[in-house]
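Mind having a look at this structure? Questions to follow.
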């Protein structure tokens, strides 16, 4: 790549946390140039009025969302909008020749009935939707390379699926025993003024939410079912943790072969992710801390087996806004463009 | 007191953080019974729908604000409303025979022009306002005992004035050198969904706000001027700290007599607050932590002298929602009712 | 009770977090007087040098541990020592007529072989150990009333067992499916300078520890087995959460009768805990936040059923240092003395 | 630079927080290769056993400190040791031809008597010490370029001096009025198991320490005096803030010319730092948040003037471990090597 070859990218919905991660990552990415930041409620504002830490670094305004303008100016479009909006814009953008990476739930489901059942939105864009690829590179690397439309995974599904995939793909667990107890920092709730996300309320506290009915459940189940080649139902329980970023998924499942030991599984996981530069399988007895992953696109995975109960416990830690959102989208972009998968993506966090 | 003698109290503006502290303190107070909780936006809701931790403990609904109903049902009314509303309700409540403790800024100023200049609200209730007493018991205990209307101090002024009062009253410092660098937990911003108060934004961060123009400045100056018997201007800078509760005021001033040492000042402060059960003067070399004060009505004060610069540094720590708000109001209530000043008020925090 | 009847109590191991909670609770308890604070490493120090927030409130020194002195001065002795020490002191104290409440693991096991297997300590005090009662009042209220020696439960077992007991006792779940995903604030690690408990390391982070081998596992299993009248093995995974206090246990189990709905279970739990003033069963759709429990002796329990998976999910929240430790010990003391079970115990937290 | 030209660097004292920042920055720096990590207490251990997040990324062991080995293997040596050790090693390293960047206080003082008075360590290395340059590039860029020995500034002095320098250099303030109220995250206390740095103690709390006698005071005063061309005494008060990283210095001083307004000072500061890529002067009315600086080598500066008091208030925010420590050392290295000052240094933080 050289500077004259930089690809022109735009971000629709740049004012949220996903948007500002994309801005940071794309500013430092050698292959792209940001030429459009869009948003409705904040149209007309300087981007630095929303994010003053970018003062003297970003000189872009938020513009109104106009698909003609976007398509005219950008080859790549990231959509970071509330669920139900991307599916209205994407057909036009695709038609005009853009490549689209959608960070909402709109293009994550191969079965739009599932989408409609859980998201209460009727869909008119079946023709486009069937072409979307689920943007989890560790599972769908080759398809992503060929795709024009990526449905980027949710943050919880990313952590959950990276923990479960080798187990399900290799048939090592009884799928119906899978329980995902997930814990997320509060930035997952978005940049909106909700009472329960206030520091005064959320700090020094902890609780579950969306028990037995969180929307990430069908997304996880879709991919699990594909991997297991049978319909899989998982138990998924998210919790809000008093920290800004990071997700830990603690995944429980019963082993089909109770003779498997921890080291066997570490070997299997390591082999499964051999070509995945952003999955770091930890050695025996080391369990991941979310802080290790924060500020990086890495998923850390620790594995334990309990011979008393014949269960495997897999713990996976990611930065919910990077590997769980914007970083993964850039990872997909790298694949789509034929660039090194790691281009422009942080692999080493600051600690502590 | 016996149960049949319980005083009937009401809280207008019960849905905020000041309100819920009052509810907790008054539920455990032996002399009162809560008979009214009022609020506009949440009228009709069960109180526990706002604060589910009170489930099975509080069985009251939020009612619309109707002054007749309130006066009919309550002898004591706490007003916990945004600035500019108490001054519209109080004249009626007083006329109907209620005693009023206002937690807003409306009755803190003896000079209503100062109020109007800083709060941009014209006032029609001069006749009532002149009778209000500034509810800082450590300075105005006797007046509070006689009063029907208390303007409860702001949280920052409480911490600042308890640190400055002995120095100014005894003429120990050059008043114009006083600098108050104050730090507050985020609950001081109220129970409202502001972006800058989100855990994702406020946690792991720190910044100043309202520099050189925070509204608590004239409130502090009014009392300082009275104590110093001259017009005093202070430098007051508040900071937002990543924690739910607590205020620390670090107060700097130049000593008039550079020969004073730390122990002298500890003696002077201890004498000044001898009859004040809620001020705890720390021994030599001990500086307060806000956590010590949290969950109590105590103000911890630590004192240092820098002989190199002839400055005194006073650090005062309070719980912004208790001694800085609801607890202080109950302390005033105790004085108004002729009860022990400490009745129903926590003096010992949990630690850590 | 009147003041002349106050019971004399002592705390051995008063310098830790459990110790200082006991000091706070017992200072405010109407029935007792603290006459001894003991510790080895800190013997000779003023208690306030360890906990300066108690300045001007506590005037006691830490004394060396001398069983004769303790027995001479105290009727009730709380032991808050590392595991393996209480079992050396208790026989003497009991013999001298003291009543002992031990906060370590030493007297939690009816089967000392289990204790020795997990705690690597041989025991010589079988004769005394068999008389110990497991100090969970919600299950063993009557035995506690009669006992001279209480083995107070661990913090995790308290939260876990209060969530599981109604299910196991009534035979509602398949016991071997029970998974406890527990989350604790860092004060559970004690007042010791461990790197992983530093704010710089533990804040903004989250991780599991002791996976498949935490010592609270056999303690939980002992009581579960008794309730289920069969040997039960549970999966127990603790996590360290970036907050000072509080535990949430998220408990999963498969229902034997898939027809049971959430409301059925709420009814069953409410009945089970009808006489337990410190268990608060939340209404349908409300899940507990640990912050609600902090500063109280309450256990909040929320219940969900997932008809898709036939699992029940029970969430229980406690303050790990109060209901999980010192408060529960005082609750046991109240029962032993024939006092109201709630005497001197906080039931209402500050919020936020 | 190309790979064959990579400069060989070593870090003595790599196990602390400064060390691990250096490791991260130098791993990603295009001009260097880490060939030695040294430490005494952890000698022989794998570096990843101390910092498991570096698993599969760093394959180095901590080695014992042997000056011959170090000098043999490394052209550049970073010393991250407790105060008083660098001055014993540096003469040998310099003699052997190494260039040394010391992160301790040992080479920060031009007057070793001041060092000995505050650090209680006699010095035998005057000949070397006089050649040391104070490693604050914004003030001493040219000297650093020529130097073989850098005394890297303390974290508080960095934040304080960047706020004060333009004011003192231009004679805009009365130097004796300067008060620095500084606030730091707890990582400034180092990776050691101190009780007051535990999350359980430090979280949700705030307090001052080292009031009137912190060792960074003479370091700040030395540079201030040089800038003001007169002896300057400052008031410096550090506070511990419940967050892992970040420093905010709130600096107060009385303006000599009360007619100066905020915009004047913004212009003056912007000019002063025109050639300093790591100082970001904020526009009118914007005050820095420490979080903006975290993960970067940037110092954000906000400026306010209070016409009521004729004071200027300057707020400067840095990451204490990067611009306050390891990043600044790398910035000095870049200058010493003749590389771009910004090489390998992060300029854009993740937010939130």
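Before moving on, here are some points about what is shown:
Letters are used for the chains, namely A, B, C and D, taken in the order the chains are written, and counting of residues starts over at 1 for each.
As a convention for this text, contacts are C-beta pairs under 8 Å (C-beta built on N, C-alpha and C of every residue); 3 or more make two chains touch, one makes a residue touch a chain.
Given the structure is predicted, the values throughout are model-derived calculations rather than measurements.
The pair with more inter-chain C-beta contacts, choosing from A-D and A-C, is A-C.
The most distant chain from subunit A is B, comparing centres defined as mean Cα coordinates. Here the CA centre of subunit A is 39 Å from the CA centre of subunit C. Computed from the mean C-alpha positions, the centre of subunit C lies at a distance of 45 Å from the centre of subunit D. One finds 36 Å separating the Cα centroids of subunit A and subunit D.
Annotation for subunit A: residues 17, 185, 187, 198, 200-201, 203-204, 242-245, 289, 291-292, 294, 352 touch two or more other chains. Those residues of subunit A lying in contact with subunit D across their complex are 17, 20-21, 24, 27-28, 51-57, 187, 203-204, 244-245, 280, 282-283, 286, 289, 291-295, 300, 321-322, 347-352. Every residue of subunit D that touches subunit C in the complex is listed here, in rising order: 17, 185-187, 189, 191-195, 197-204, 242-245. Residues 176, 179, 181, 183, 185, 198, 200-201, 203-209, 211-212, 233, 235, 237, 239, 241-246, 248, 250, 252, 287-291, 294, 302, 304-306, 308-309, 311, 313, 315, 317, 352 of subunit C are the ones that touch subunit A when the two sit in their complex.
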